[in-house]
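This structure is in structure tokens; I'll ask about it shortly.
As written, the chains take the letters A, B, C and D, and residue 1 is the first residue of each chain.
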Amino acid sequence: MIVIMRHKATDDEIDAVVLRLENIGYQIHLSRGVERTIIGAIGNKTPGDVGLEAMPSVEKVVPILQPYKLASRTFQEEGTLIRVGGVEIGGDTIHVIAGPCAVESKEQLMEAASIVRSSGATMLRGGAYKPRTSPYSFQGLEEEGLKLLAEAREATGLLIVTEVMDARTLPLVAEYADIVQVGARNMQNFSLLREVAKVDKPVVLKRGPSAAIEEWLMAAEHIMAGGNYNVILCERGIRSFESYTRNTLDLTAVPVVKHLSHLPVFVDPSHAIGKWRYVPAMAKAAIAAGADGVMIEMHPNPAEALSDGAQSLTPNNFVNLMSDLKKMAGVVGRKMP
Amino acid sequence: MIVIMRHKATDDEIDAVVLRLENIGYQIHLSRGVERTIIGAIGNKTPGDVGLEAMPSVEKVVPILQPYKLASRTFQEEGTLIRVGGVEIGGDTIHVIAGPCAVESKEQLMEAASIVRSSGATMLRGGAYKPRTSPYSFQGLEEEGLKLLAEAREATGLLIVTEVMDARTLPLVAEYADIVQVGARNMQNFSLLREVAKVDKPVVLKRGPSAAIEEWLMAAEHIMAGGNYNVILCERGIRSFESYTRNTLDLTAVPVVKHLSHLPVFVDPSHAIGKWRYVPAMAKAAIAAGADGVMIEMHPNPAEALSDGAQSLTPNNFVNLMSDLKKMAGVVGRKMP
Amino acid sequence: MIVIMRHKATDDEIDAVVLRLENIGYQIHLSRGVERTIIGAIGNKTPGDVGLEAMPSVEKVVPILQPYKLASRTFQEEGTLIRVGGVEIGGDTIHVIAGPCAVESKEQLMEAASIVRSSGATMLRGGAYKPRTSPYSFQGLEEEGLKLLAEAREATGLLIVTEVMDARTLPLVAEYADIVQVGARNMQNFSLLREVAKVDKPVVLKRGPSAAIEEWLMAAEHIMAGGNYNVILCERGIRSFESYTRNTLDLTAVPVVKHLSHLPVFVDPSHAIGKWRYVPAMAKAAIAAGADGVMIEMHPNPAEALSDGAQSLTPNNFVNLMSDLKKMAGVVGRKMP
Amino acid sequence: MIVIMRHKATDDEIDAVVLRLENIGYQIHLSRGVERTIIGAIGNKTPGDVGLEAMPSVEKVVPILQPYKLASRTFQEEGTLIRVGGVEIGGDTIHVIAGPCAVESKEQLMEAASIVRSSGATMLRGGAYKPRTSPYSFQGLEEEGLKLLAEAREATGLLIVTEVMDARTLPLVAEYADIVQVGARNMQNFSLLREVAKVDKPVVLKRGPSAAIEEWLMAAEHIMAGGNYNVILCERGIRSFESYTRNTLDLTAVPVVKHLSHLPVFVDPSHAIGKWRYVPAMAKAAIAAGADGVMIEMHPNPAEALSDGAQSLTPNNFVNLMSDLKKMAGVVGRKMP
């Protein structure tokens, strides 16, 4: 890390900082400039753990190394391939996870699953536990929903992706799901991350709406440091002042994360945008930007959906999108199953 | 709610929307304008629960009523008073919650508690379970930290405010704490909110860094709908593009929440700003803006803190601030204990 | 517009609002509900022009119609085609505007122009007047730069796109340029918009970094209302908390603007992102999302650039990108020249 | 500046960066670490002017010195006092600038001025040229408005603060105004800043809604570098995701700017918030936070205002606020005239 001292910091103040750094095991390179003294400190602590900025003589502390290690491309150069239920995520093949926001009934889910299957997607999404802004909204079918998802897998061969909201229900969710999802609002629920780290299933880690890319990678680091290396990152929009869309889809995060990390990256345009009309264009753009897959909300009848109908594609629009995505995959040198 | 139809929506499309609304129990007022048809719908559902925006003929759905009820001043005109351990929160008296970010040791906590006590503050803060961005940082003393907090209460008479991160440790936290805190990153951890709702202790609910005021009040609604009416809201900064401070303290939220809700509002300038230098000015501004109290990080030796030293006041700066806050309370017609 | 009265608004208060609205020419539909009275007001004023929210009895005013008219697809259903110097913008053909951030010298510009030409792009960008954050940075060659741009056009046949910063130099800029650019930081410089409206050249209107889509369209409306209908919108990133990239490229704005307006939309990933490494991926994504063209910074030697070298492609990277964009255009049913 | 090389940068790549830096006059300190090589470069160029980040071997460039000089407290330790028309801004006395958003008529302005005068404020605001989002809204009385402002000064002795929108009308505005205002949306209109720098009147420089504090100070630097040292900074809200208020008042910017710069700082809560109801609380908080003054919109009859009625105080509310501000000034060791 580099410590920039305040203008006119005295020798005593500089010595105090150097001493503090040496005491906790850093090697020091001191550079006294005309305007500022700069202290380079080489060692292993995270700058946030060293209370230097509490010292009035310190202007700024600049970290040099990225705070994430296991998630970094510096640590592992080649991209991570995640193999689950016969598919490979993060390789040449682009995967589509699709389905309704919430599991509502057997009929709804089976109809959705059948459309997802026949369109060429490989994974079925559907929430059994729903994080809802209002306590008065539909909260999901819970275990009953998990069972329906398992039935849909049985019937179609699709892999099941579903969200876990709570460490207490994680064993149940992990029993039914092929891939466990950590939702955007739980991205920094560190208790949950620690538990998910112990599960032997890949994890889709949604980016939090106010999470910088580095914080998102740090959340992945929590899971990896706990022993689960199969993390799929999923961009789903960040909060900005633009309110026409629900969130602002930060598609540039795709090539950025591909550069900084070896983990696969998906994009969920449905939740990011909140309006079905713009989902197909942005799903295509996600593939063009280099995503390893997309997650799409599709409902047999969006106008009757109990949750997020406004952002769900109709079966017809979804089938058209799948056809477009296949062409798009080709043009970026990839393929779809 | 009001449904604005798209320009050139046909009669059939309008009828379909009306029918959908009537079927789920809304009363309809139709207003056909030259440019747009407007449908007024009177009933009890939350607009988000009605998939109208999935219909291509619908331009926009505008809710009329606030989605929160129990937290609203429409529901309860007079401000909520929360009585706990002999103090009253939300009344004329302004309270200060102060202490270190994390409980680090008996010595550190006892020293902090003694300073907090003698300065005139009534509540001691200190984290036993710490949500940390990095898995490699100090994560808190856990139950040992809770016990030290109880000892500090014993020694000083201060009330204990500490954070719960997980439904599984809630019983333990609630056993030791006088007031349970839900942290900013858990503001929409709905599983946790549901559990906190069942506990017989007041709850400090921090505002999430990307939570709109309405979402914050909806999080309070989750707790109140579950049976716990003693919610203290705490503004602690929102995420904006300005990166000089850690977050952007949205102090205007104080009078806004006072207008929309009857719940008490505190402000935590330490976490919002992340730099101790600016904390005293903003603590004073918080009281001037109408806050019912402030939460301040103070550490016996910030430069040695294991967590958030950069934003902690020294004992000396804290004592000076307390003296300023007393004057400030007077000028807005309030008092301090 | 719809006026939502406060809970418990009295009859006198409601009458006062109705009277105020009738006096300025609105027709009124009154709907007294149990919880709230709603006043529908039909007329032509912009809600912001009516001081209703100054009345304490008014809770909220909701506009129904979009505030822009000429720029709206409701006003003109088919997309605007802009014909300039033999090219057609907004039709089937996707155009690329490329070149250095600033015109630095004859040699630099001619070399850049020659690469741009041979790669198949149709327009050359280059700043003669540079808006620079620091007064101590290179501010552009001014008229000398404009002359060099004209020479480059002469030599290559490329159309010239260059920025105007001031109403006083507009005549000069408009004399040399084929397309005049209004920069992001001038998007709400209404004096400049009014002058640009009188010029007989198409205008590239960059989106301001804190401009909502509606405000951007309102800026276009200023130009169109003044008589210049040839406005090309250009998304170039909005300000968000994510600081890894310079701004957050809001690519979803492309299909949104295509839905709301008939104007052509370009994307400038170079300025949005600020790092050359991620520009090609996002240029491709822009075309996939439906943009009518992209604007790309390319410099013969980025490391020697006087301005924005960090985001400029090398000639080699640019030529590769052009080849990718041609394939991308094909897959979305469009072509490149 | 400090240059952080990429992991595995080769010796040749490191040499190329060193050579580039030495060629443009930097002194070099090289530090080869195990994970990263760090290059310290001492010299006078702004990092943005050096295209190092265009080199693929460079990971990141970290500036050490602040890019502003004249505006910095490092350059001038004691606070700037601005003396104009018998008042002193930036000293012990807190000043209030008040009046309507726009000059609408002689009657309106005189009534407003008389209230402003009798309440103890020293300066009258009122727009003659109005930057309006819609081209169909009232655009101001222009020169006629300036004449009315001069008449109001004649009648009351108040100093006149009014906005300039265009270099072409600046001579006229400067002739009538005592203090010239540069609006938020023109904060980075560098052509205008350069002209304002040549005028012999103090300048109120509003913070742009997407301007970081450093950019705001750089805009002041533009004016100061051009010769006008009498710059009054004015915080007026930044753009965030919170849409209940028009912008988010970043009150922490007050103590931050006071720390970084010697220039006086005002706060305009009216434009920041957009709702009159919350303006008094935040005006008081501004003084508590250390502002040198506030700018308040007050209209004799807000409900009839041609512009921004929703955020204007009534005369009665304004008079009450002035009385509260006097008490507030006392408690922070300052006074009002």
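Heads up, the rule we're going with is that a residue touches a chain if its C-beta (ideal position, glycine included) is under 8 Å from a C-beta of that chain, and two chains touch if they have at least 3 such contacts.
Since we're looking at a predicted model, the values are computed, not measured.
Here the chain-to-chain distance from chain B to chain D, counted in touching steps, is 1.
Chain centres here are C-alpha means, and the one lying farthest from chain B is C.
Comparing the contact residues of chain B and chain C by number shows a mostly shared set, over half of all numbers used being common to the two copies.
Per-chain Cα centroids separate chain A from chain B by 25 Å. Taking the mean of the C-alpha atoms as each chain's centre, chain A and chain D sit 38 Å apart. In whole angstrom, the spacing between the mean C-alpha positions of chain A and chain C is 31.
The set of chain A residues touching two or more other chains comprises 210, 238-241, 243, 277. In the complex of the two chains, the chain C residues touching chain D come out as 20, 46, 48-56, 67, 131-138, 165-168, 185-186, 188-191, 208-210, 215, 218, 221-222, 225-226, 238-239, 275-277, 299, 302-307, 309-310, 312.
Interface of chain C with chain A (complex): residues 210, 212-214, 238-245, 248-256, 259, 269, 272-273, 277-278, 281-282, 284-290, 327-328, 330-332. Touching chain C in their complex are the following residues of chain B: 2, 4, 7, 29, 31, 33, 35-36, 38, 40, 42, 62, 64-65, 74, 239-241, 243.
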